[in-house]
Amino acid sequence: MKPYVHTVRYYECDGMRVTHHSNYIRFMEEARIDWMDQLGYGFERMEAEGVVSPVLEVNCHYKRPTKFKDTINIRVRVKEMSALKMRFEYEMTVDDQVVCTAESLHCFLENGRPVSLEKRFPEFYSLLMADNG
Amino acid sequence: MKPYVHTVRYYECDGMRVTHHSNYIRFMEEARIDWMDQLGYGFERMEAEGVVSPVLEVNCHYKRPTKFKDTINIRVRVKEMSALKMRFEYEMTVDDQVVCTAESLHCFLENGRPVSLEKRFPEFYSLLMADNG
Amino acid sequence: MKPYVHTVRYYECDGMRVTHHSNYIRFMEEARIDWMDQLGYGFERMEAEGVVSPVLEVNCHYKRPTKFKDTINIRVRVKEMSALKMRFEYEMTVDDQVVCTAESLHCFLENGRPVSLEKRFPEFYSLLMADNG
Amino acid sequence: MKPYVHTVRYYECDGMRVTHHSNYIRFMEEARIDWMDQLGYGFERMEAEGVVSPVLEVNCHYKRPTKFKDTINIRVRVKEMSALKMRFEYEMTVDDQVVCTAESLHCFLENGRPVSLEKRFPEFYSLLMADNG
């Protein structure tokens, strides 16, 4: 899987001239969606089948500030998988220096009820387990 | 109608330590929604009845920069009404000094087709005409 | 200390018609700044004296989705204080139901170097300890 | 000059599942900065020399909605140049269909006072005039 690349925009920086910390949560989402696209199982496909994957938790450790025009490389990995939940892990680097590490926890809902990914999307589940392995 | 008040947040300011110009478009939306609420005809009510009012045009004239914690007073007025479109006018002030003037043009769509506000929501239309008068 | 109130804006909601999860990180910042203002020791005052307090970590547990126009009450508390770092804790409720709990960790920097809050701002430090107690 | 490409992110879409109209103002900024980079005279270089170019006006005509993952091509052109101001023109397309046209007006300030681009940055001014020609 190729890392996702986000180049910091002017409007993503704050009065300290660094990327506002809230934006890293958005970069995580961008990287996660790109990761699913690379896996060949897009976000839209799951949504089209009526399954959504809300974010249950995020955490973010800011290691070094980034600034306008910095090119952030974001590596995504499945950290944990269970029948009902999955946890992603993120490492963000600029010029090979870690700027942020993060995690997000997700479940899967269909008609507002938790759904087992393994039963509902066995093919997708296998792909995820392979990445997790 | 009372002016809408927006207090500038830290994350709305950019590296020049002023409110990023894109955010005024969002303040316009906040003020417009508040204005409809004050009129007694909320955004949700129209959407609940299946009518949406997309933005066709915006323009914004930035007169003076604003900064973190500034209290912006936003006055909204209907500038023009026709069967199918309406134009809002906005004046934003901080301490009675104009910081931004703006306009937005909207139409009304039901099932993706233009709808006459006068025919579809005569009560709302009358309220708007009254404000416009 | 009064809880901070954030009313969800239209543009803060995503395609699922719920508040996008990244925005809670911004609500935390709004509430933290309001908390410091209530304490009588504003963000600006510290910045004016050349001390900044970057965010080192955030975590957010999303309990229930919120939607357009929801009024979120945000309670802020100092969870931990040390010479060099402080951790805030947040509880967000809508109609007395918890929608999100969160934490943020901060340090204090002057000219890019860690600074002891206790030594640099003894008055502010005492206020914080009182809240923490 | 190559058009700038912006791919619509999930968090840029609103409850109608279309790109929120405020974001186009941000896309304009991204495209304008890319355009200056292609010209070989970056934003940072001007800022480093103490000259800023605040936005005086924007206007945006929304022609067709765009949605998550749409690839927007943005063409930027200098529409008007004078000693003290410049106006950019933008055309945004998705699959060769125009989705938005826009303009922005800028001045140049040094130490808070208007500065003549022609006198202050003759080289940059020539480049701009060439594009405008």
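Note that the chains are named A, B, C and D in the order they appear, and that numbering of residues resets to 1 at the start of each chain.
Heads up, the rule we're going with is that contacts are C-beta pairs under 8 Å (C-beta built on N, C-alpha and C of every residue); 3 or more make two chains touch, one makes a residue touch a chain.
Quantities reported herein were computed from a predicted structural model and do not represent experimental measurements.
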Query = Counting C-beta pairs in contact, which comes out ahead: B-C or A-C?
reply = A-C
Task = Would you identify the chain whose Cα-based centre sits farthest away from the centre of chain D?
result = C
Request  = Determine the centre-to-centre distance between chain C and chain D, using the mean Cα coordinates as centres, and give it in whole Å.
outcome  = 34
Request  = Please work out the Cα centroid separation of chain A and chain C, and write it as a whole number of Å.
outcome  = 24
Task = Go ahead and note the Å separation of the Cα centroids belonging to chain B and chain C.
result = 30
Contacts with two or more other chains, residues of chain D listed in rising order = 10-11, 22, 26, 29, 68
Ask   = Taking the complex as given, what residues does chain A use to touch chain B?
value = 10-11, 13-15, 17, 20, 22, 68
Remark   = The answer for chain A against chain C in the complex is residues 16, 21-23, 25-26, 29, 52, 54-62, 65
Task = Spell out the part of chain C that touches chain B in their complex, as residue ranges.
result = 9-11, 26, 29-30, 33, 43-44, 68-69
